[in-house]
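Chains: A, B and C, in written order; residue numbering restarts at 1 for each.
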Amino acid sequence: MRLILTSVALAVLCLVRTGEAQTPPPQDQRGRDVSVAAPAQRVVTFNSVLWLYLTLERGAGPIAGASASTVRTVSTGLLDRAFPSAAAIPTDVSVDGFFVPNVEAILRRAPDAVFQWVGRNDPAYLEPLDRAGLPVVALRQTRDERDYFSTARLIGAVSGRSARAEALIDDYRDSYARLDHHVQAGLQATKGRRQRVLYLWKWRPLIPIDGKNFFGTLLERAGGVNVAAQLARPERVSMEKILLWDPEVVVLFCCDRTTPSDLYQDPMWRPVSAVRNRRVYKVPSGGSRFADLVEGPLYSRWLTELLFPELPSTLRGDLRQTFQQVYGLDLDDDTLDHTLHMKVNSVSAGYDRFSRSLTQESLRP
Amino acid sequence: MTRDAIAFTGLGHAYRRDEWIFRGYHGRLAKGRIMAVLGPNGCGKTTLLRLLLGIAAPTEGQVTIEGKAAFVPQLFQVGFDYSVLDMVLMGRAAKVALLAQPSRRDEEAALAALDRVGMADFASRPFHHLSGGQRQMVIFARALVSAPEIMILDEPSSALDLRNQAVILERMAMLAHHDGLSVLFTTHHPHHALSVADDVLLMLRPDHAVSGPVADILTEDNLRQLYGVPLKLLGFEHEGRPHRTLAPVLTPEVILERGRS
Amino acid sequence: MSISSSSLARLAVPLLSLSLLLAMLMSLRIGTYPVPTLTVARVVLAWLLPAGMAPASDWSEAEWVAVTIIRLPRVLLVCLAGAGLGLAGAALQGMMRNPLVGPDIVGISAGAAFGGILAILLDFSGPAMLAAAFAGGMVALALAWTLSRLGRGGGVLPLVLGGIIVAAFFTALNGLLQYVADPDSKLPAMVYWLIGSFAAASIDKLVLVAPPIVLAGGLLLALRWRVNLLSLGELDAASLGIRVERLRWLIIALVAMIVAAQVSASGMVGWVGLVVPHFTRMLVGPDHRRLLPASALFGALFLLMMDDVARTLASQELPIGVLTAVVGTPVFAFLYWRLQARGWNND
C-alpha cells in the first residue's frame, strides 16, 4: 500500500519536474547520453559537483553518498550553515576519499546517477562504475566557463532543477559583464599594462596554476597575466623559475595552511617583486573554495580589486548579496572577515580595503 | 718461585641450558712453559681458548690469567684484501685509543715483529697472496706486536705442510725457552705435543680431562682412549739425543678387523 | 689489483677533494635563473674572503639569492648527504665483512623513512622528526641484524635476506601510514620522504641535518681503523682486545644517525651507500683508514653529479632516488660480476 502511494507520488513529481527539463536527452562531458530519470532520488557524487548539486537542490536530500574530501569542504566551510545535513552524507562510496569508487557501497545505495570526474583518463575512476552498469554522469576538468555551464545544466537536468541552473548561469554572466567593465577601467589607468600574477596552488613543493587551468583563465579575466601560462599541466617548478618570472602579485590557494607570512619570511622569496611590495594574498575560502559558478565571479572580483586599488571595493557587499540570494544566508562581519582571511592577509599591502570599516567609507561617496 | 700464567678450575661451558660442551676441567700452565691441548674434533677446544682469553665468560668455574695474552687464531681468510703490514698493525689494537689511528711507532713495532718472524720483505704484499705458512707467520707476528707474556695458539700447525709445521714448532719453542713466554696451543698432532710441549691437557670426555707433564699424561692408554685407535709410543735416539714419537698401529689386517666390528 | 701503498691510492684523497671542490663550484653555476659565471665566482669570493678583500657587490639581489640561498644550501646538503652515505656504506660493509650491504639493503633507509612518516602523522617537526627517523633506522638495522643471526650459517646471504625482509616490512608500514594520512595536508610530505629529492633543500634543512651528519661522520672517521679490526670477525677482533659488541653498536648508531639525517633531508636515496664504497675500494684499496675518507669524498662527488643531472635533464626536476637507482644498479651488477670473477673471500 505504502509502496503504491510512493510510486504515485513519484510519478506526479516526475510529471511536474519533467516540464522544466530540456527536450533532447542531455549528454555528459565525455559525449554519452545521460539516461537518468529526472528528478533523481538518490545521487552519488565524487568531485566538486557536490556543492553545486546542494545549491540547485537547496538541500542534501537526494545525495546518497559523496567522496570524503568534498563532504569535508562543505561541512567545514560556509556552506555548512546553508546545508547542515550535508555533514551526514555517507562517504564510504569512495575508497581513497577522492575519486576511486567503492562499487559495492555505491550499488547498495542503488543511485539514479553517479557524478564522476573523468580524471586524467584514469581508468580506475570510471571503468568500475561502467562495468557495474551504474548510471554514470562523467564530468571533465573545467577548461572554460562553458564547462561550468554544461555542468550546471547536467545537474539541473538530473535533479530536475534546470530553471535554477539557468538562473545561476545568468547571474554568472551578469557578474562578469560588470567585472569586465571595471577591469577595462582599471587597465586604462595602467595604460593597458597587466600585472604579472602567480597563483600558487602549493607552496611546498612549488606548484603553480598552469596555463590550461580555469583558475588561470579567471586570473587573466580579473586583469592580470598568469606568469605560469606556459605550463600545460600542474607541475612542480623550481624557485629559480619563480625568480625568473618575478611575479608582482602572488595569490595562494584558499584552503591549505600556507599564508603570506610564510613567503615573506622565506629568504628565497626576498627578491620577488610581490614579496618586496608585500603583495601576497591568500584567496578567500567562501563556501566552495571560491570557485565554480557561484563563487568564481567573487574570486575574480577579489583579485581585480587587489590589482587595481583605485577601483571602488564592492567585494564585501557582493559576498553578502550572493550568499543571501543563493543560500538565504545573512553573513555578519566576523564571518566575512573569516572568509576573506582578513587576519593572515592583514600583513599584505592594500588588503585593508576589504576591512569592514574601510569598505563602508569607500561606499560613502 | 714459579707462578702460574694460566690456571683454571671447575671450568664448564654450556651454550644452552644443560647442554654442556665440557664441564669440570682443571689445568694450569706454569710461566715459561708450553702446554698442548689435545682433543677430538668438536670437543670444544676453541671454546676453551675463548674462555682462557676472556672473550667469553664461563658458565661455571674460574680462570685466572697472569700477564698479557695474545692469540693466534686458526688459519683464516679475511674479507678484505689488507696488506701484510696492515694485518700485523692490528695487533696493536689494545695500545691505540678508541678514536685514534695507529702512530708511526705502532708501524715500526709492526715492522719489527715482521722482521722477527723473517717476513719483513712481505710488508706491503697483500695478505691473500701469501702461502698458508707465510700467513701463519704474519698472524704470529701480529700476536708478537702486542708484546705479550702469554701466547695462545689455535691449531697453529694443522693446515700446514711438514716444513711449515716444523717452523711453527720451532717458533713456539723459541718463544718459551728463549724469550720466556708462556705458550698454550691446541693441536691434532700428538707428536707435536711430544716434541715441544712441557705439559698437556687431554680433553678425553666432556666431563673428564686430564692434565700434567707430558711424560705422565701422554701415555698409550690415554691416547688410545682419546683417539680410539691402537697406537704405540716409540723412543729412539738421534744424534745422541732421546726422542719420543707415536704411531698408530694400523696394518691392513687391523683396519679390516676394525671395519668388521 | 690496487693495494694501499700504490701511488693511485695515495693520490686518491687529494684528487677527490679537488674534483669535489670543482664540482661544487660548477654546481653553483647550474640553475634556471641566469647568473653569469663571473658573478657566481664573485659571490663565492665574497663569502670566502674577509670583508675588506671581498669584491664589490655589483650583483642583483635575485642573483645573490639564486647562488647563496637557493643553490649553495642545496649543494652543501647534497655533499653532506653523499659523504654521509659513502661513509655509512663503507663502515657497514667493513663491520659486517660483507660487500653486499648498504644502508638501504639492510633496511635502515626504509626504517628511517617510516620513523619520519610517523612523525609527519603525529605532527612532529624539526629535531623531533629527525629523532623519529633515527629511531626507525636503528630499529630496522637491529631487526635485520638479529634476523641474520637466527640463521646459523652466518655469512653474506642471511644479512641481505634479513635486510630485504625488514625493508619490505617497513615499506608495507609506510604504505599503511600513507593510507591513513590526511591526503590534503600530510600525504604530499610523506610521498616526498619516499621518493628522494633535494628540491626542497633550504638553509633550515642544512642547519637541521648538518650537525648529526658532521658529528656521526666525524666519529666514524675517527673509528676508521677500528673498522679494519671489526672486519676480521668477532673472535679475532675480540682476541686483539676489542670490545666487539660495544663497538659494533656504536657504529650501527652512527650509521643510523647519518642515514636518518640524510633521509629527513632528501627522502630515500638508494644505492649510494652500496656502490660508492665498492668503487672507492677499487681506487684506494681495502684499508679502511683510507677507504672511509675517500668514500666520503667520492660519495659527495657522486651524489652532487647525480643531483646536477636531476636538476638539468628535464624541465621538471627528476627525483634523485630514481637516478641513483638507475645508475647504481648496473654499476653494482658490474662490480658484482667482477668480484665473482675474481673470487671474493668472505667468511
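Here is the rule we use: a contact is a pair of C-beta atoms (placed from the backbone, for glycine too) under 8 Å apart; a residue touches a chain by one contact, two chains touch by 3 or more.
Fair warning: this is a prediction, and the values are worked out from it, not measured in the lab.
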Study note, to complete from the structure: Relative to subunit B, the most remote chain by C-alpha centroid is chain A
Exercise for review: Pick the chain whose C-alpha centre of mass, unweighted, sits closest to the average of all protein C-alpha coordinates shown.
Suggested key: C
Exercise for review: Please work out the Cα centroid separation of subunit A and subunit C, and write it as a whole number of Å.
Suggested key: 45
Review point. Whole-Å distance, subunit A centre to subunit B centre, using C-alpha means?
Key: 85
Revision key, fill the gap. Residue positions on subunit A within touch of subunit C in the complex are 69, 96-98, 202, 204-205, 235-241, 243-244, 246, 255-257, 267-268, 270-271
Exercise for review: Under the touch definition given earlier, write down the residues of subunit C that touch subunit A in their complex.
Suggested key: 31-34, 60-62, 64-66, 69-70, 183-185, 188-189, 192, 199-200, 202-203, 311, 316-317
Check your understanding: For the complex, which residues does subunit B have touching subunit C?
Key -> 46, 50, 53, 55, 70-71, 73, 76-83, 86, 90-91, 93-94, 96, 98-102, 124-126, 128, 146
Check your understanding: In their shared complex, at which residues does subunit C touch subunit B?
Key -> 1, 3-5, 94, 97-99, 219, 222-226, 228-229, 231-233, 235-242, 281, 285-287, 289, 344-347
